[in-house]
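Data first, discussion second: the structure below is written as structure tokens.
A, B, C, D and E are the chain letters, set down in written order, and residue numbers restart from 1 in every chain.
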Amino acid sequence: MAPIEQKIGDASNSDERIKQVGFLTHMMRRPELGAVAGLILVVTFFFLTADRSMFSLSGVMTILAPASQLGILAIAAALLMIGGEFDLSIGSMVAFAGLIFGAALTNFGQPLWISIIITMLLAAAMGAVNGQIVIRTRLPSFIVTLAFLFILRGLTLVGLKWATGGSTQLRGIGEVVGDGLLKRLFSGVAFQDLFSWLAAHGLIEKFDNGVPKVTGVPVSVVWFIAIAGLATWVLLRTRSGNWVFAAGGDPNSARNSGVPVDRVKTGLFALTACAAALVAIITVLDAGSTDARRGFQKEFEAIIAAVIGGCLLTGGYGSAIGAFFGAIIFGLVSIGLTYTKFDSDWFQVFLGSMLLLAVLFNNFIRRKVTGER
Amino acid sequence: MAPIEQKIGDASNSDERIKQVGFLTHMMRRPELGAVAGLILVVTFFFLTADRSMFSLSGVMTILAPASQLGILAIAAALLMIGGEFDLSIGSMVAFAGLIFGAALTNFGQPLWISIIITMLLAAAMGAVNGQIVIRTRLPSFIVTLAFLFILRGLTLVGLKWATGGSTQLRGIGEVVGDGLLKRLFSGVAFQDLFSWLAAHGLIEKFDNGVPKVTGVPVSVVWFIAIAGLATWVLLRTRSGNWVFAAGGDPNSARNSGVPVDRVKTGLFALTACAAALVAIITVLDAGSTDARRGFQKEFEAIIAAVIGGCLLTGGYGSAIGAFFGAIIFGLVSIGLTYTKFDSDWFQVFLGSMLLLAVLFNNFIRRKVTGER
Amino acid sequence: QDINIIAVTHGQANDPFWSVVKNGVSAGAKDAGVSIDYRAPETFDMVAMSQLIDAAVNQKPAGLIVSIPDSSALGPSIQKAVAAGIPVISINSGSDVSKSLGALLHVGQDEYSAGKAAGEKLKEMGGKVAICVNQEVGNVSLDQRCKGFSDGFAGTVTVLPVSNDPADVRAKVKAALSSNPDIDTVMALGASTAGEPSLAAVADAGMTGKIKVATFDLSADFLKAVAAGDAAFAIDQQQFLQGYLPVVFLANYAKYGLIPGGNVPSGPNLITKEKAAQVVELSAKGIR
Amino acid sequence: MTDSQSQTAPPVIEVKNIVKHYGSVIALSGVSMKVSRGEVLCLLGDNGAGKSTLIKTLSGVVRPSGGDFLVEGKPVAFTSPRDALDAGIATVYQDLAMIPLMSITRNFFMGREPVKGIPPFRHVDFKYCSEVTREEMHKIGIDIRDPNQAVGTLSGGERQCVAIARAVYFGAKVLILDEPTSALGVAQTSMVLKYIHQVQQKGLGVIFITHNVRHAFAVGNRFTVLNRGKTLGTFDKSEISLEELQNLMAGGKELQVISHELGGTI
Amino acid sequence: MTDSQSQTAPPVIEVKNIVKHYGSVIALSGVSMKVSRGEVLCLLGDNGAGKSTLIKTLSGVVRPSGGDFLVEGKPVAFTSPRDALDAGIATVYQDLAMIPLMSITRNFFMGREPVKGIPPFRHVDFKYCSEVTREEMHKIGIDIRDPNQAVGTLSGGERQCVAIARAVYFGAKVLILDEPTSALGVAQTSMVLKYIHQVQQKGLGVIFITHNVRHAFAVGNRFTVLNRGKTLGTFDKSEISLEELQNLMAGGKELQVISHELGGTI
């Protein structure tokens, strides 16, 4: 008989079955931190190949403006993906919400605040309808929201022609919206005073007439950062956040444990539509016009950004902060190439390769650090 | 003590725990037969609203031609989806394969058969690369093939400019390909003799000059039907078919049971790429030209058709014959609307609504018949 | 008896340029008292377009209006229409092959020569280094505009591929301007999708008036900038006529057998500072 | 114990002639049973007899196709598991109802997260949750390494312990356990049986499904046997012996022979 | 039995000092064991002891981080479960390795479908497969309604029976069973134990994981006890009593007290 070594584990917190891991390893295990690695790779690439003006203050702002608009959508899409569903209609929703917003302002002459409320409510309602159809019929959200992709895009065209009397562009929105606090919340730039002060003290570049080259941070960037922070807090610290993970991880188990899965999913659909409406409001106010092609294919870019940021397409795993970095990577790659000397015909080849490299690198780093096999 | 009714079940084939179901119910339980219900709905709709010429022989052929091209892609996409993966690069692959095929014929002056082989081999290789990246990195196929969507589309643009000396359209393919058996296998119409005979005997419509209005069945339709039949047989009757279901249903369990999941998936990726190449060859030979936008968004149409046909996006469930009907529904809706009096501005609204209705109806019928709750 | 005319073009209903063509088609049908169907594939897709022409032929319309961006792909379908005895008029692109395919006549002017005219004008205005802002690379008609432009311009021309998203266009143009300070000319291939954001980008760079911005097609806001002197000009193909005239021609052909004897060039028409103001309102209504 | 008590206070859960069809499959064809406070009812039966289906109707996961369902004498119709939870019925499902990708703590409190703070800033104190989880798991005899570990990385038995500890922690009136001990080691099994005993002492009703007649006999007061979707009968502990129960469960199949061959140690 | 025999013919499976890490988690820290032909080795241990991890390394599902693995005396390194199957090792996994959406028949033959016909027309005779499946399931005591039913609609125990029947049907040299009886009823359990006995008689090696010491004692020749990723020892049936084994398994935890409270019936 073999000798028995009777080692009874004690219930203390240190367990002989755990190898020690460093703080860095612990940090890197978060889903989003792979995206940071991807970001570093992309930045390094452009640092070596692109014109220096890309990394000037104005260059960075130029990249952040479109990245932030995409990012607002991407964070909402990430939440929905964590909750186990897709919304392919967000691109069309941007156009549709833009039409509603523009028509409310111009055709119906409503003040800005009413127009914003109408747009948001309508978007939320459409999102909820999407969600309810998905839940009631148990059809995949992919196919339901794809139908809405077409329907909303089509309604936008019809509505625009009706609102303008035959054109596909609704304009003159800038004129009817006066300047005011509310408008400044949704368009233009923030922290203007700070930037003027910086320029006056020669801390940032300025034009010959003394106006700073960058007059402030685009409000969409401020929204983007705020939403990323809020979404992260909700996901990690609140009950609703836990329900989102549960609903996406395994809806049946979640339901059996008392999570109101249907309510959670409907809410996420409404939220995603509202994010699209917010982007619509920001872009319409910025451009002063809206047209039938707004938001085209934004649904895919948003999903790409979320996936680069570490969201699982099957739901139940991901982070808002990952989508944040994902959107920045996407923006960086698509704008960054114009700063390089590469022939523009190669644009799509580069875009694709960079995306692939970014996710590969991200993945590689994460696996290396966490020791997954 | 309560009385004990000791009813011991016998091992005979009839079981008291089964309600009797009719043959119809049994048939309707197959995944694809919901799609048939959707098809009936759509046909009824057009029967009530569209021009009668839609249901003439030539009307049916004009619908089947695009439906069959989409259908070849959809069946391949359905197999891949059942196997648990996506390929978003098939649309771009159509363009890329078209370029390779066109360039082989014109720039390199290769005979038709060599050009076809080169195109097919290259497509299969690209598909396998896709598959290997997905398997090795365990990244979602969505993101990997999306990168290839961009890369292949970009390479097509670069290649076309190189092949044509600056244009994005490669023409004159019709001239270099002589007529021959091989060509007739991939372009034009089949069963010409039959149709001439039918026309001569006044059984089908003809032009004043005696030429039948429909000279035959487009070869793409023949390919479509043959591929649907073959794919169905493979899925339901062969070992590989069982492996496809297993790989998509639960790759880990399948692997643990000895299914070579990686080999199955790589094969499916190659197959999908070959289907795209086949469509490219057919359309390039038919049109005599190719351009940088060929196959644009075909990946989504193919996935839509597969999903309408009852494939699960999460893998492991679906049928080739469902994708067959799904492609026909999609083709019917998109071409059928031109036979109606609706304004083309409403096209997308209708397309979306019809898609939604078709899947809803399909789903409703299936649930009614099978008694799922 | 009801006269039905079908138009099949390669431009989507939500494309600003083609929506004006469609408005012209509708106006022509109303004025001539005929019924009209306007169809286009969902993307720039020649295979789908040839299938739409086949479907149209199948309905035996009194007349067929087509654009011909790819004569190889569309030729057989058009010839089938002609063989079926349907009068065909080609519009916009394909003036070179129109006759040989059996069309009665061609209305419009191809994108290449419009681009060339624009390029020559900008060269004349002193341009040396230009970017061509293309919102849909691979769309042959847009590619031809760019090609015509660079041939006419004769200086350095770089194609800048962008998307339909104004924020994206604005950022990319701004990026191009800051990475290459020599750029003195911006040619946009669509007024509202590419032109207006390009103007905004030029303004962001503080170069308004110093960099010449021109665009294909019209949009009210771009025209205002032309009128204010911030933009150079807009090229108007008067595409309303590309829609309107063929309908009227085909209606008259169906009713009385009357048809003009030759091709009708609808443009190009450069809208410069002097003319811009009067066009703004019409453009906002989708007529120009 | 059975009849006299149930006259005075209505049983916490009572079902009469419950029927459940899945498409053409008849999973339950008229099952009746009841459980009172302070009582452990063991539900026994062969594989596929319908035990899980029955408790799924009790916990609101599936809706019965027919029959009556009373909670404390009042007819109810649960539309979701949430309703059952709100009515004080906590369940350990055979497939455990856990999310593999989520941490142990998040799974433990899923659906019933304790919140603190005022509404706009209301949040879950996950630190406190982790402590509770670690403690409850320790009580059942499992030292978890890290409550933030994903449930998917736990062993089968560890997972089962999480599900049991959760149900016990949140149980209010009735605790339903579907084969809780199947994947458990000796120590954990004794712990669970002890738990059932404790819970019963506290006055809760317990429905305990198991295939192990010894386990059933150790803690049960009454035994209901199902066979092919029907009740074979309900017996008080005093009315039946371990061997009789075992025979009944197996539906009289050729059990004797084999258990003899193997030395009667089943 | 142990030493004298293993000198003559090499054990069919032998592992020495197997180590397995999952990231920072150490699941196995040096485990050794062996099983010979015609022998039933029972692998016992508390929850999370590493039993499933050990058999996963034996069946090629995970690759060990260190240690030696010999099959019939020759060192092997399986890269996939297919390799293990080809080497004649059939396994019933604790999570069963089945595809819920696929039919019973297709699951039964998954990965080992019998084909007929010449290459281009080679296909699987699913009718024959269905018959085999029905028959094998009947042998284990389950009458399946329809072999084309999806596995996802089976009860927990029925599913387990499919997995066992499959492994037994395809087992060649070694049969590994990870808690096969956990979800089984009395009749099915006796059937499985009888199976194990039969398989052993046929000269196969069997590795049988269970928490039920009685089951283990009924069929086992030798017992290996794991604790926290380490071997506590290997014992011949003659060397150890049921009670000693039970104590060892529980790792000396406060088992006695409870089992006494419950009347010693665990």
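Following the convention adopted for this analysis, a contact is a pair of C-beta atoms (placed from the backbone, for glycine too) under 8 Å apart; a residue touches a chain by one contact, two chains touch by 3 or more.
Here's who's who by UniProt: A, B = Xylose transport system permease protein XylH; D, E = Simple sugar transport system ATP-binding protein.
All of these numbers come straight from a predicted model, not from anything done at the bench.
Trainee: Max contacts between which two chains?
Mentor: By contact count, the leading interface is D-E.
Trainee: By CA centroid distance, what chain is farthest from chain D?
Mentor: Checked the centroid distances; the maximum from chain D is C.
Trainee: Measuring between mean CA coordinates, which chain is farthest from chain E?
Mentor: That would be chain C.
Trainee: Roughly how far is chain B from chain E, going centre to centre by Cα mean, in whole Å?
Mentor: Here the centre of chain E sits 43 Å away from the centre of chain B.
Trainee: Can you compute the centre-to-centre distance for chain B and chain C, using the mean CA position of each chain? Integer Å is fine.
Mentor: From the centre of chain B to the centre of chain C is 34 Å.
Trainee: Nearest whole angstrom, what separates the Cα centre of chain C from the Cα centre of chain E?
Mentor: 72
Trainee: Please output the residue numbers of chain C that touch at least 2 other chains, ranges allowed.
Mentor: In chain C, residues 13, 137 touch at least two other chains, as defined above.
Trainee: At which residue positions does chain E touch at least two other chains?
Mentor: 22, 25, 95, 145, 251, 253
Trainee: Taking each residue of chain A in turn, which ones touch at least two of the other chains?
Mentor: Each of 9, 17-18, 153, 157, 161, 312, 345, 347-348 in chain A touches at least two other chains.
Trainee: Quick one: which bits of chain E touch chain D in the complex? Just the residue numbers, please.
Mentor: Touching chain D from chain E are residues 22, 25, 45-49, 52, 94-95, 141-142, 145, 153-158, 160-161, 179, 182-191, 193-194, 197, 211-215, 217-219, 246, 249-251, 253-255, 258-259, 261-263, 265-266.
Trainee: What does chain C use to touch chain A in their complex?
Mentor: 13-16, 19-20, 23, 137, 158-161, 163-168, 170-172, 174-176, 178-180, 192-193, 196-197, 200, 204, 206, 219-221, 283-287
Trainee: Can you tell me which positions in chain D touch chain A when the two form their complex?
Mentor: 59, 61, 80-82, 85, 91, 93, 95-102, 106, 109-113, 115, 122-124, 126, 138, 143, 145-146
Trainee: Would you pull the chain A residues touching chain C in the complex into a rising list?
Mentor: Touching chain C: residues 50-51, 53-54, 56, 58-59, 62-63, 65-66, 69, 153, 156-157, 161, 164-169, 171-172, 207, 211, 213, 220, 283, 286-289, 291-298, 334-336, 338-339, 344-345, 347-348 of chain A.
Trainee: Enumerate the contact residues on chain A facing chain B in the complex.
Mentor: 133, 137-140, 142-144, 146-155, 157-158, 161, 300, 303-304, 307-308, 312-314, 345-353, 355-356, 359-360, 363
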